[in-house]
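Each of the next two complexes has subunit A plus one more chain, namely subunit B in the first and subunit C in the second.
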Partner chain A sequence: MTVYKYFMKVALKHKFIILGYSTLFLLVAIINGTIAGTEELQFVETDLNIGIIDNMDSELSRGLVGYLEENNNIEDIIEDEGYIREQIFLQALDGAIIIPRDFDEKVINKEEAIELYKDDRRIGAYYLEQQVEKYLIFANATYEDNTFDMDSLKSALNKKANIELIETKKGLKNSRMDIWFKNYYNYTSYIIIAVYIAVIGMVMIEFRDKRLEDRMRISSKKNFSLNREIYLGQVSLGIGITSIFILGSLVLKGRYIGEVEFSKYMINIAVFSFAILCFTFLINNLTRSRFTINGISTVVSLGTSFISGVLVPQEFLGERALSIAKFFPTYYFVSINERSIGSFGDIRYELLMQMMFGIVFLLMGLYFARPRLRA
Partner chain B sequence: MKTLLRNCIYQGKNVYRDMGFLFWGLIYPIILVSFFYIAFSGISNIGLEDIDIGMERENPISAILETIDMVNIVEVPRKDANRNLAEGNIDGFIDEDLNILVNDSGINQTMIKGIVEQIKQMNSLNRPMENYDFEANYIADRDQEANGILVIFYSLIGMVSTYSVFAGIETVSLAQGNLTNIGARLNITPLKKKDFLFAGIIVALAFNLLANGLLLLFIEFVLKMNLLREARYSLALIILGNIFGVSLGIFIGASNKQSIGVKTMFAIASTLFLSFLSGLMSPDIKIILDKNLPILGRINPLAIIGNSLYRVNLLGNTKDVGVGMALLTLYSIILIFGAYMFLRRRNYDSI
Partner chain C sequence: MIVKVDNLVKRYKELIALDHFSMEVREGEILGLLGPNGCGKTTAINCILSLLSFDKGEVEVLGKKMTPDAYDIKRQIGMVPQEVAVFENLTVKENIDYFCGLYIDDRSLRREYVEEAIDFVELKDYIGFYPKKLSGGLKRRLNIACGIVHKPRLIFLDEPTVAVDAQSRNFILEGIKKLNREGSTIIYTTHYLEEAEMLCNRIVIMDNGKSLVSGTNQELKAMITTTEKIIVRFSQDDDGIMERIGDIPHVIEVTEEDGDYIIKFENGINNISNLLEFIMENNLIYTKLYSQLPTLNDVFLELTGKGLRD
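For the complex of A and B:
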């Protein structure tokens, strides 16, 4: 097993690629975990991110701020138009309200009483406008004898509607953790493609060095045995790399694996790893250029992640993007992760497609390897 | 001058024939921006859509809901409400007692809740109808288009403007006798190393600016995205990004004895990581970092370029651009000085 041993030794020389990508991956996974949406068993009101500057500080303006604060997140902002516009542009805020010093007077006179920065095309912004308008219309309705009836207003605004989720949503075990695992494993596809192609590609470049190949050819080692050890090395390396990411999920959220469809993620990642290993085999038989391998590693990993639903959920992607994505295993890998399954029969098509891709890549790789073997 | 010109021609030929430059500088950014465009064109083209509310024909509030612009009333018998909700035909169902049934928690469902609450609250407020003036306009609307996803494109332009880093690494490696054969030959000739390096910088800047220009033309004329509306500042920022990139390349090339491959990988990783922090892979990451660690966005060179680009082009805000440009210049000077410290008086006993 000399070849195998040296294959692994050369692979270890590229440990910084694995470490670099793993660190980046874990960072993304952790950050993504903090921003992942939560799915509850009860209805949860969508809270808007609102910035408010209250220059009036009257009972009426404080009442408005308090009312909006009840169901929304009030963010600290500064009274700078450029800054506010940027926060709206970035979607860090759904809207920003500036209450002027003569707010009460303007409300009484039914004039434009507040400045509202928002994107008119967004439903969240529309809802915010509705909330503000409602408050001010109600406030003015209570205005009598030069004063607003704030107690009645507050009491009326406390009247809530009864809202219920229908039964189909209540069968889920732990939706929040399922979302975390789904996002985590979706991201592994990006990293697996990048690391497999980069690391195995780099090792194979060293093994395909002309002088080394010539020396191997005149050695007593049989070609079959040599290739077997190289392929075994690739498989071992692949298993090792994939294991890092599986272990990562166990370290970060291991205590929840009983509450999510963990076996689905395991089978899916194993099949996907096989497909990508075969893709790497194909690439290694197509080129010996370090630059090309680096390029393919970056472009394919990032590109497929964008169009297959890793970085942007599939539901937001256009038809065109998804049609292109179907020509690579990542699409099917993500589709499985996105779905809640009753049995493995539910995902057999996607698993089969990934296997098929793997086999096609393998056969193509063998085809392109023929001229080299003949030489 | 003649020597400089000759060095520029030779190094220019060298870069031109380099497949690495051709790929990373020219093809990769175009591929990447195309992927971004395909993936995000669906997200950025948004518009207000009606909210479908299911209710029975005789529901007393249907007359009120019909007056609301964004509401579309769908006649649904109570017994079919769950099925319609599960199939996504309606966003919510309101029964005669103003109870709401939904299948999801979202903004549409929150809006339905808000509408029903308004009806209940008006009853609770118990004021005569003439007291409510629904025609009054209390809000001065300041419309600002929200399109955070565009940050990704500006972040990409920022990243590729620093891709002169590769030519910087190449130039400085070629000048070092212990790394390349050309470097070894150069060190035993009377040619001045500084002329060679200076020519390398000029070539790196010229080629990368050309590549950036092609990318911008591709964005403008093929993808038909009008990202650079303010040419003067945009050009200055891209040029400074290029100068920063080549300075970083020279520093990476001079500071260690690793192979060009390793140095290139380091350059890719560092620019990609800094771009990631500036929002290249998701604007949410930028927003989180801006909120919790705002200093990072102000000192990260890639964030300086990306942020300044969208501020001047989309928001018409040139307030902090000068500070960003000064910082980029300072970084470049520090990196060049650092590289100079590594390179000066370097002698080889044996190469």
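For the complex of A and C:
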């Protein structure tokens, strides 16, 4: 096992990459855990500051102002787009509405009835849009015999739904911790990709150096045995790196593993690690350039994290981004973490997809390795 | 024969790197493979070692056909490549141990061999050093240690003294002699004719992928017509002197190089007295005059019409 032993020795020379990424990651996880512990469940209802100009002044438009006034602060503003946008930018307003003179008619015709100014980056804007939409849809629905039924509209707007919380899984009583574990493991995908490609890539550059490879090829060590030890080294390194992050979650929140779907995270990260190991195998057979490996490590880890829902939740991502994300295992890894499961059957598709990606990467890697293996 | 190469042809598309190259190596000798850069020496070695496939010909090593999976033969071969091929992230000792481990499984034997190799190349004081901290000469020694650590019966050394200072070069050449004395057969490629003359029992001269001639140093020199060279420099220029020197008995060629006249003779008897007689008759004054026996470069020059370092 000389090759294996020295593969691991060379890998340890790159320990600073592993240590650097792990330390940063665990620090962020600790900070995240502290914040999550104090704020996560303390939902506070906040009023939005909404600027309104009512140019219509009809019963329907006054109704909209009144409806918004029930849960928000209404501010007087002037009808100047620059001024309104500035107020929103300065966060003096969460949004602004200008009701036009033909408001009623536009509602009847289901046209865009108001001018809405908002900051899309803020969740309040999303909520304001929802409230306005709700009012306009209901108003349109109550229009009959050339008049809006304002009583029905108010009654519909005030209707509340009764929500009964059903506990779906025995023993899972700590949703705050589930969110922490979900976020933690989502972020491991980024770290695993970056570290696997960077570290294994760097070691393989050395082992795949043409001059050294020739030297190994003329030795009496069988090619099969040589490659087996190198691949065993890669697998061990992969297991070692993934274990660091699993261990990290146990050290930080180990006492809660009984309260979250820990086995789901374990199976998911194991399958994901396999897929990324195969991806690393492919990359190592495509290039021997240090620069390219570092580039791929950064671009793929960050890029897939952005479009797969690690950095931004999947529900906020565009359809196009998600469609692209489906061509890489991270999407399926995150999908599993985001979901509460009844049994492993619920996530078999996502697990299978990750496995499939791994196998495809492996086969592609073998295809590109063919000339070298044949030589 | 420990190595037998017969009619080896290796093509890279249009380029013929080896053109019906043949060679034989006897057990216990140091065979020099001599030729200018790019003549096909490294290609020949790579084909013999099955690192490169070839289009035609046969290679036998240790009496068996050499193939990429002839592991029993490979066990007895050591190779020191032209470029230093070691792990940058392993120390001197770890590198030697790694390459020894590719041949030797027994741990205690390996430890013993590694120590011996370190002693052989005198790298004891550097065992914990990483290659990037070593000088060029020390790196070359490490490169050699990695190739010979498993005590091979047959060693290929591909230009191991290129870009090495004089002190390290002497160390390496002495080491090669020692390896040979200890029983290893050595195939040594070089384009330095002095090294080949000094080190090798037999020499194969290569050019353009072909083996031109082979034999001992003396045998090769006996193959050419030049038997003596006299180099002379005169204090004054004299028109038509080259033609007149050409009339001296046994002179076969006169050339001028940086003011020196190089006179080749085909017979080694009384050449200097004949030349001195010519100088006196023509009232010439010489500032330099010495006689030289032909070198391998002369052999190469006569065979190919060009010098080894052209």
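Keep this in mind: the second predicted complex is superposed on the first by the 236 of 375 C-alpha atoms of A that agree within 3 Å, B and C clash if a C-alpha of one lies under 4 Å from a C-alpha of the other, contacts with A are read in each partner's own complex, and residues count from 1 in each chain.
Just so we're on the same page, a residue touches a chain if its C-beta (ideal position, glycine included) is under 8 Å from a C-beta of that chain, and two chains touch if they have at least 3 such contacts.
None of the values given here were measured: they were computed from a predicted structure.
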Original post:
Is A:156 contacted by the first partner subunit B, the second partner subunit C, both or neither?
Top reply: first
**OP:** Quick one: classify A:123 as touching subunit B (first), subunit C (second), both or neither.
**Re:** first
Original post:
Of the two partner chains, subunit B (first) and subunit C (second), which one does A:2 touch, if any: first, second, both, or neither?
Top reply: second
Original post:
If you stack the two complexes on chain A, which partner ends up touching A:64: first (subunit B), second (subunit C), both, or neither?
Top reply: neither
Original post:
After lining up the shared chain so the two structures overlap, which partner does A:260 touch, if you call subunit B first and subunit C second: first, second, both or neither?
Top reply: neither
**OP:** Kindly classify A:283 by the partners it touches after superposition: subunit B alone (first), subunit C alone (second), both, or neither?
**Re:** neither
Original post:
Of subunit B and subunit C, which one touches more of subunit A's residues?
Top reply: B
Original post:
Thinking of the overlay built on chain A, is A:302 touched by subunit B (first), by subunit C (second), by both, or by neither?
Top reply: first
**OP:** Using the touch definition from the top, say if A:17 reaches subunit B (first), subunit C (second), both or neither.
**Re:** first
**OP:** Mind sorting out which residues of subunit A both subunit B and subunit C touch, each in its own complex?
**Re:** none
**OP:** Please name which positions on subunit B make contact with subunit A in the complex.
**Re:** 19-20, 23-24, 27-28, 31-32, 35-36, 38-43, 46-49, 70, 81-82, 85-86, 92, 98-114, 116-118, 120-127, 131-134, 136-148, 151, 261, 264-265, 268-269, 272-273, 276, 281-288, 290-291, 310-311, 314-315, 317, 319
Subject >> Contact footprint of subunit A on subunit C as seen in their complex >> reply: 46, 49-51, 68-69, 71-72, 74-75, 77, 79, 81, 83-90, 94, 97-99, 101-103, 146-147
Original post:
subunit B touches which residues of subunit A in the complex?
Top reply: 16-17, 20, 24, 28, 31, 34-35, 39-40, 43-46, 82, 84-86, 88-92, 106-107, 110-127, 129-134, 136-138, 140-142, 152-153, 155-157, 159-169, 289-292, 294-295, 298-299, 302-303, 306-307, 311-312, 316-318, 320-321, 324
Subject >> In the complex, subunit A residues that touch subunit C >> reply: 2-3, 5-6, 9-10, 13, 206, 209, 211-212, 214-223, 226
